């Protein structure tokens, strides 16, 4: 599903965020990216949806090399990837329903698709009854559920999550992890960067550890270390 | 359908959010386009005023109305004698031609115009001299032609033309300067309004890009907003221009007939063409301003 | 010291960051102030043109130069006869007074003016009629006074005044409309520039408030920026006005002396006063625009 | 140093962020505020520097009731309180030195005070040699040190920290805690909101636990629980 081959990403001549990184994520897998601050986790995630381009190497997503993909093809690529962030990135002036519907609207989905898929995904993330609330009327955990619903409403092949539990207290974070696990269970590939030792240790999934732009560990059913 | 609704909703919201900048853009665009339109109108008015002197004509010999071809032979002989000496060429402007000249000259004074008919209008010989700067020679000619039978009067261009074309040049230069400066400001403003609108919505845009919206989908509502501002400015300018032109035309009627202003009006439909041009121009700066901004700041 | 340096540095940075909006604000302010200044200048020019007719004067009787008091008795008798009948009052404008009238009337045509001296300038009787609308009575008077000995000529206001004051009214109404519209736009723009600048620096402002900077400390650089924009606009407008006025004055000299335009110039120093007013006005809108914005958006 | 008396803070009629909270922090103490997301920790901290005003009750800081303090006195109050945030709030276009100096400049300190205090505090937080770097050239932990230096450069009586280690990996977070501990050792009162169980458990300081706007625990030498 995702394959990086000898990828090097520099932000400037001194800042080498990723240094000759190769790794592969098969369809349906759940991968944790761990490593100290600045080790390149976010950079790696941004390469997958072409928010960044590497200086060297190639990035394959869903069978396509996306490094030299022309700009007008990128929207299509991104429709296959759901993104989840530490700060949720919800639109504050839109309700829960509107936030999720927005993701379908802007890729030109017709109204009947929206009115069918949005309630389904709201149900999936456990927010039924809170459709008309605004983000500020929700707890952090609930906001993160909205952001997951928005990322997943389009049934993407891949979910990419950058420290999704970073702003949440431990028990709320665990709820989010159960949700991501359920989504992973439907066949969606999940790649998640995290600092949260407890979560990594509890889930026991594949762990890829980065340090200063290099993969220093890649372990099936791993721990945070 | 869904897309269209989305677009208009977003455009409306965006305008609502930042009314001052939009209002300022529209005002500036409107004033700029108004001055632009007025410049065209004034030019046209001056052209009317100067129309009878077109083609290097420096002297007009007015012939008594009702003077037939035989009676004009004397005049044509006199003109013919000078042909090649001081006169380069001359042409006869008959009743129909003189009436159409009067249409333009008295455009602002329909009362006076209505007193001129096929029966009483003087016809004209329009004379192009060899050397227009030799005013003394022309004055000599005038005095000689005034003696001829059936000559109603003789007018020299220098008495009128010089002042008017100087005024025209002066007025157009500076009004053009003003509208160009304001047009630059209006474009920058529309550009800026769109930039500000996009900046205000950078979170939306970020999310849109992440979920895979195409650049055009993101760009269009903003371009629509710019277009709307330009067109609104153009429409306001058109209405103001139409109003000012109407007031001026009404004012000119009240001027003394000999004030030389009666031709300085535009009532021949040209004002509608200018109105259309002004709106199109507004649309153009709106689209260009917003289009550049939307393309440039899509990478927020 | 530290504070002042801080303030200028911040102001400079802020302008650098958002040049388009600043440029658009300055252009709009400049054009607005330019039209404002030109309106004042044109008004003043027209006033010059009309100055000899001030105070309800409707007829001027010009007396041959060199006519002494005894020789003018005949004229004064004739005027006295009509006093209370058709004439409300009349006054004598002696050589000095007539020369100063000529100063204004031929302001744009120094050559003609220089030919008028104490020795050859006609003096004037300025006549205020009981009823200015009774043009026929005035014409009758003119014809009678023209017969009197030592009368050089007689002029009636209606021939000149009417057209000119109509033109003056028309021109000032619409130029005033234009500059007010643009002034509104300029104020909104400066307001907006400052708002945008404050929005762009909301992180700085947040930090400043958190570490205990006073509101005035935060506000001042922004107000300085607005002031600067207004003053720059005013300065540009002043220079442009000075240039246009100069070109016009030079142009008028070349007009025919009888074009009635020779008084339509401003060379008496009024243009400098207007230049100052324009700059002060710019400073005013800059300060008001930025002050309101800075106070309103300090809670970002 | 800080005293809250029966403080109630509502954001709207439904959202009661703090409900009749009373508590006191003596000079020089180190207090952890813990509690689930939305329990009112950040709100409590914002009351202390008058970013918010309570609907009921009074807030005393350094011997003054600040609830009805006139607006023009607030700057003086804030000069006594240093603020540290999860997202550092550094100015991205200023260097380390400039970021710290900025805090002195904007309260009108003369140049000679700036050129004396800033290097001292840079030394204190261990960033000597990195004065001329921009925030993006620093690791997250280093950025947080800059933010602490900025909060402390004015030698405030109180330091208020809202999840200062939230964005940092565990070992970097521990470094920050050691620094705060050192600063606390100089007599500065420190109030810190956190989710980080490890840190609370390791430090063994006073712990005040909030839950839905109410203090449910106040424990000397406490743990995260």
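Points to keep in mind about this one:
Just so it is clear, A, B, C and D label the chains in written order, and each chain counts residues from 1 on its own.
Assume a contact is a pair of C-beta atoms (placed from the backbone, for glycine too) under 8 Å apart; a residue touches a chain by one contact, two chains touch by 3 or more.
Since the model is a prediction, treat every value here as computed from it, not as a measurement.
The distance from the centre of chain B to the centre of chain D, with each centre set as the mean of the Cα atoms, comes to 67 Å. Annotation: 27 Å between the Cα-based centres of chain B and chain C.
Here the spacing of chain C and chain D, counted between their Cα centres, is 61 Å. Residue numbers of chain D whose C-beta contacts span two or more other chains: none are found.
Multi-chain contact residues of chain B, defined as those touching 2 or more other chains: none present. Taken chain by chain, the contacts form a single closed ring in which each chain touches exactly two others. Of all possible chain pairings, those that touch are A-B, A-D, B-C, C-D. Interface residues of chain B, counted against chain A in their complex, comprise 1-3, 6, 203-204, 206-215, 217-218. Partner chain C is touched in their complex by these residues of chain B: 20-21, 23-24, 27-28, 30-31, 34-35, 159, 162-163, 166, 170, 174, 178, 181-182, 184-186, 188-189, 191-192, 195-196, 244, 247-248, 251, 254-256, 259, 261. Touching chain D in their complex are the following residues of chain A: 15, 35-38, 137, 139-141, 166-172, 195, 197.
Residue ranges on chain D touching chain C, taken from their complex, read 49, 71-72, 74-79, 83, 89, 91-92, 102-103, 105-111, 114, 150, 154.
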